[in-house]
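Dumping the structure here so I can ask a few things about it.
Going in written order, the chains are labelled A, B, C, D, E and F, and every chain counts its residues from 1.
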Amino acid sequence: METITLIPANSLITATPEEGRQLAIKMARLIIKTTQPDAQIRENLRAVYANDAMMLLAVGQTVAIEFSTIAAANDYWRVSR
Amino acid sequence: METITLIPANSLITATPEEGRQLAIKMARLIIKTTQPDAQIRENLRAVYANDAMMLLAVGQTVAIEFSTIAAANDYWRVSR
Amino acid sequence: METITLIPANSLITATPEEGRQLAIKMARLIIKTTQPDAQIRENLRAVYANDAMMLLAVGQTVAIEFSTIAAANDYWRVSR
Amino acid sequence: METITLIPANSLITATPEEGRQLAIKMARLIIKTTQPDAQIRENLRAVYANDAMMLLAVGQTVAIEFSTIAAANDYWRVSR
Amino acid sequence: METITLIPANSLITATPEEGRQLAIKMARLIIKTTQPDAQIRENLRAVYANDAMMLLAVGQTVAIEFSTIAAANDYWRVSR
Amino acid sequence: METITLIPANSLITATPEEGRQLAIKMARLIIKTTQPDAQIRENLRAVYANDAMMLLAVGQTVAIEFSTIAAANDYWRVSR
């Protein structure tokens, strides 16, 4: 389990909000991967939550929390780029 | 999945709180779209959560979390515009 | 759906904590209204969650999150008024 | 519904952490009171969630969120008073 | 219910992160104690959530929220001790 | 229960975001260990939540909240080290 990379590039800093959002999705998925390392089981479970309204909303909440941290890390990408 | 735009205009900055709130709703929906790319399935699931009290409350929680990030990014729209 | 006002007066700034709390409740309700525009269905669902202990707790969590943003926007109403 | 006071004393400022915690509990309860104004129904629902492990945990989450706002408002009661 | 102490030592300040974490657990438990003052019922409910995977996760979320407030109060114990 | 270490190394400070993420996972697990000290029961429950889509999402939310605190403690690892 320790060998899974949890944060790609080992940084919360991204060039744009869009990339920050992608990082939030990836970080959320990597926690699931760490908790359930079996790829086939994850694939089966993914089919479950992608077709369940309440679970899709739970995905949204998790990504929202991860993104709030990433956005703060990037000072909300306020400065011109 | 990578081709879906996650943050319209690639920015958290909006002119007004109202627009910030609209952005929060859009960002929450785009995570669902990324997780479930099939438009027909999403339409079916939308009918589920729009008619379920607990799921409507979950929608509200997700938007509230997204909005807290957007509001901070805009320094709460405190300065005159 | 776009025609529903999401934030009354288009501002997070309120004169008092009490008004901030009222705004939090309104903002939470307006997300539900946007997600379920049919007034009759909303009325039916309201009867559901107002009589269900777990859903009342979920209402409380959503309002708490909205209020945390509004309170920060108003610098917690610390300065004398 | 508009006649229920949502924040006692209309302030988030308290003398001590203990009083801040009591305020968090009261604020959480007043949202439930606003959503379900019938005292008898609330009493019945209270018996439900006080005897249900998952609902007690949900009460705890709501109070924790309310308290985080109150604690920030009071600058965590760091300075002597 | 008013006689239960909600925050031991009436302070969010602790000497170490470890003690801050212990305080988060205690504060979360004291809200449950306030909501359900009957020790025997609490003991029964504890057996429920200590043996239920989803409830254990809910315990973890509540403690995480309480700890975020305590950590901020202590400025994350950054300064040397 | 008091003998379980809740925060390894008694510090929220880590060298990298990756290590911060690992700490978030460990801290979340140690709360579960404190709440359910029996290793065999924990092992059984782990098999439950690692194979349940909704519970995996709940794991993700808890780690996200713990990580937000750790990231803030480390000033988001912005400065070079």
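By definition in this document, a residue touches a chain if its C-beta (ideal position, glycine included) is under 8 Å from a C-beta of that chain, and two chains touch if they have at least 3 such contacts.
Small disclaimer: the values here were computed from a predicted structure and weren't measured.
Contacts with chain B and chain D are shared by C.
Where contacts are defined as at the top, ignoring chain D still yields one piece in which all remaining chains are linked.
Counting hops only between chains that touch, chain B reaches chain F in a minimum of 2.
Taken over every residue number at the interface, the positions common to chain C and chain D amount to under half, indicating a different-residue contact. When chain B is fitted to chain C on its Cα atoms, the angle of the rotation, on a 0 to 180 scale and to the nearest 5, is 60 degrees. With each centre defined as the average position of its C-alpha atoms, the distance from chain D to chain F rounds to 27 Å.
Mean C-alpha positions place chain E and chain F at a centre distance of 16 Å. Residues of chain D found to touch two or more other chains are 49, 52, 54, 58-59, 61, 65, 68, 72.
In terms of which chains touch, the assembly is arranged as a closed ring, every chain touching its two neighbours and no others. By the touch rule above, chain D contacts chain C in their complex via residues 2, 5-7, 10-13, 27-28, 31-32, 34-36, 41, 45-46, 48-49, 52, 54-55, 58-59, 61-62, 65-66, 68-69, 72-73. Remark: chain E residues 16-18, 21-22, 25, 49-54, 56-61, 63-65, 67-68, 71-72, 76-78 touch chain F in the complex.
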